[in-house]
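Going by the order they are written in, the chains are A, B, C and D; count residues from 1 in each one.
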């Protein structure tokens, strides 16, 4: 893959931000098995989201995702959203608008990646797993599949289940619990509304380690969406909230993506 | 200069952030005039701060500061603080603590730069000019000289003089005007207290273009500190709020810095 | 401009190499005057070449070229070719093929830049000035204009005019003087053949400081191409072989480029 | 780890080159298990070398080495040497002098890494495995342990065992087979001389996959050094010449390194 480290002005945020991108190449140096060229001009693309304390560089550094993606001939776009929970913050910048609208627009204008729904995917870990699932439920017209790894699925349970956020930071992001509940940042409510409206959702994937402090809320989310009749590919097994788990499971996500034949 | 692009975990922010650093080298390729090696083991260092919409990469990209600094044998550390006004935000992260405490600590632990007051300097443009002046007035024991270029000097005048901040963003950062007035983020109040306490301040430099929308508040700040008996090197002249001005004036700042003989 | 730092596998070289690229943006942070969006989908592009001891990062670091290019709405691609003189080395890799064929191909496949002759330009300093002029004379069908700043124009004069190359390195690159003379790496011979064949050459620009150790060979090259009836825009004036000169003159080059109306 | 991407002027090469470095941090974001702080001021350091077609960025991108190294509290320095075989090339630059002398000097002057033999280690894959073993045999006073992964151990066997180098490139690097045989670039000869002189060698580690095209020469090298009475930790098993193998085995190398207690 060509590795691209990009710094650009995000109009939505009024801020210069970083973005790492890997793009399939026609040929490689030693030791890489590469998928074929894309059927058309544009590559399928995975938007790969970071966790609370991380930035756009973290997936490349903590895993071998660039190498794994090469096998599938898929581009990967890794944005940076600070500690925003991919949210239009109650007291802060509009990161949801950024990640769901401006980012794909900018990435498609700079790089040879497809804008078609069937070529667009999202995944992430922890806060980024929440972000990816939110993209799938709230912008289902843009993504063919989304995957949450060890996601922070239940933003209403943060206070009593080992929250990554202090109370005051929760308020900057989501406002009060009352404001959060049922809002467009509540994955449980989003999935209910999607089910009720009969929206054509992307393929959904969810995994979590059974030792993860977020395990209980992952089980609840799984049960919730399944009770709504929404299809969900779910995996659990031994594992904690760490990069060994995510390095292993991002490979499972890539294998699970419904890439079109011509692309691989 | 060796160019160093660094990504590290800022404990104060709970967030991975970027930092660009340039360090003098013993030899150079063609076309660079270099200052000598440092007298001791550690280089003097200029903390160079970005403006509201920028990041840690901007000074390197919009000016030739790496080349200019080479002449003086001085390292330059360029952090990233998002749109924080170098402030412990009322609704947001503790960027002041980050820039005034953690950043120098991390930079000194990773790179061969001096921690001595007489070797430490700060400068910045716009929001970063404000930040540099705040470092000088509020952490005077750490810096031998600070310089503001086209600084946002009067945070109380933002609403009626062409503010870079919308009202709500102002509140996230500073709280209300009443909270901001007289606080440790108010440069006018900080300078009064420093004068009253007889603090030994760093050398201060301030410049602004006469066409700059921040010109009036720069004049007020100049008059204020001088009325307090604080020494200030002040320059004004034709110029607007743009990078042509800052590329020219960062050279004046470097020439003005009280670098010790052995270092150049 | 979006700043893109790219690492990719150059098939011609069998080697991973770096490339820096700046691409116009729709909006900017403070302090930048930007040219308009492109008339079509693709930006005009300047291939900007480094000198003997430099790499793909040097133009961004030693000048403000990203800022200057923003005014014109033009992308800039900065490759890396080590100490190769943009040559298929007699004892070394095929850098000419890389820079003249693979590089534009890769850049056009990764980024939204035009492949049309009228939108393609090249410039460089010292060894890169030689490289840009060689692109113009030897691949005239690809470039609408090329510019040499303080170029190493006469590879036959290196031994008696202050050569940047030791004898043995000269041989690795060009072979013997006898091999070099009249070859496709000899700008004097290339210009003769282009004139004889009546090739439609790009616009040519050449500048050199009168204090530059390469001044004499720049004068000879100017006289030579003019004696052949080839149009050449030539500038000289006080100046040495350094980045102050190149920061000033890359601005003159950008202003001189025959950009099509719709692009600015 | 702090990730540092550095561009500096290598005096030995007359060329600006890249270097990636990771340095342990005092604290980390989520999902990383970190080793303790160093006992002294300086971190132990692993020089980690790339293969023929790669550059300084490749280990970070193709493996999770930054994460693995965090567990041990060890810094990692990843230089770039193009296709040089870490050799003072017969027709090319002095990459051996660069990697064995200038690189440690520059890295120690820029970063908080130890210069003591007991804290210095080298490893690499393929061409880099050869390079690491050469550092161990030819500069044994500088390294406490070196490791070759799938190394190109026998530079005399390149022509009949699936050479990565064409004949002409072999000559640029090593000269003729006759010149190479017994030279200071021949690992077999180096190990003989070290054994004869009774040099105190670093700990040596070697591994190779049994499906690797370099397997036969790895077996020969193992047998050779053991026949000389030199201690060698050797591992083989199923595996080919690819990054899956190297991602797995760099973890084994890190676990094998004789790090001093205080450091972990």
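Observations, loosely collected:
In the analysis below, contacts are C-beta pairs under 8 Å (C-beta built on N, C-alpha and C of every residue); 3 or more make two chains touch, one makes a residue touch a chain.
Everything numeric in this text was worked out from a predicted model, so none of it was measured.
Look at the contact of chain C with chain D and you find the same residues on each copy: over half of the numbers used there are shared. Taking the options A-D, A-B or B-D in turn, the interface that duplicates B-C in more than half of its contact pairs by residue number is A-D. Across A-C and A-D, the chain pair carrying more C-beta contacts is A-D. Each chain's centre was taken as the mean of its CA atoms, and the one lying most distant from chain D is B. Centre-to-centre spacing of chain A and chain C amounts to 41 Å, using the average Cα coordinate of each chain.
Rounded to whole angstrom, the centroid-to-centroid distance between chain A and chain D, based on C-alpha atoms, equals 36 Å.
Those residues of chain B in touch with two or more other chains are numbered 3, 7, 9, 14-16, 29, 52-54, 57-58. In the complex of the two chains, the chain C residues touching chain D come out as 7, 9, 13-18, 52-55, 57-58, 82-83, 91-93, 168, 171-172. By the touch rule above, chain C contacts chain A in their complex via residues 2-9, 11, 14-16, 23, 25-29, 106, 109-112.
Listed in rising order, the residues of chain B touching chain C in the complex are 1, 3, 29-33, 51-54, 57-58, 60-64, 66-67, 125-126, 164, 241-243, 246-247.
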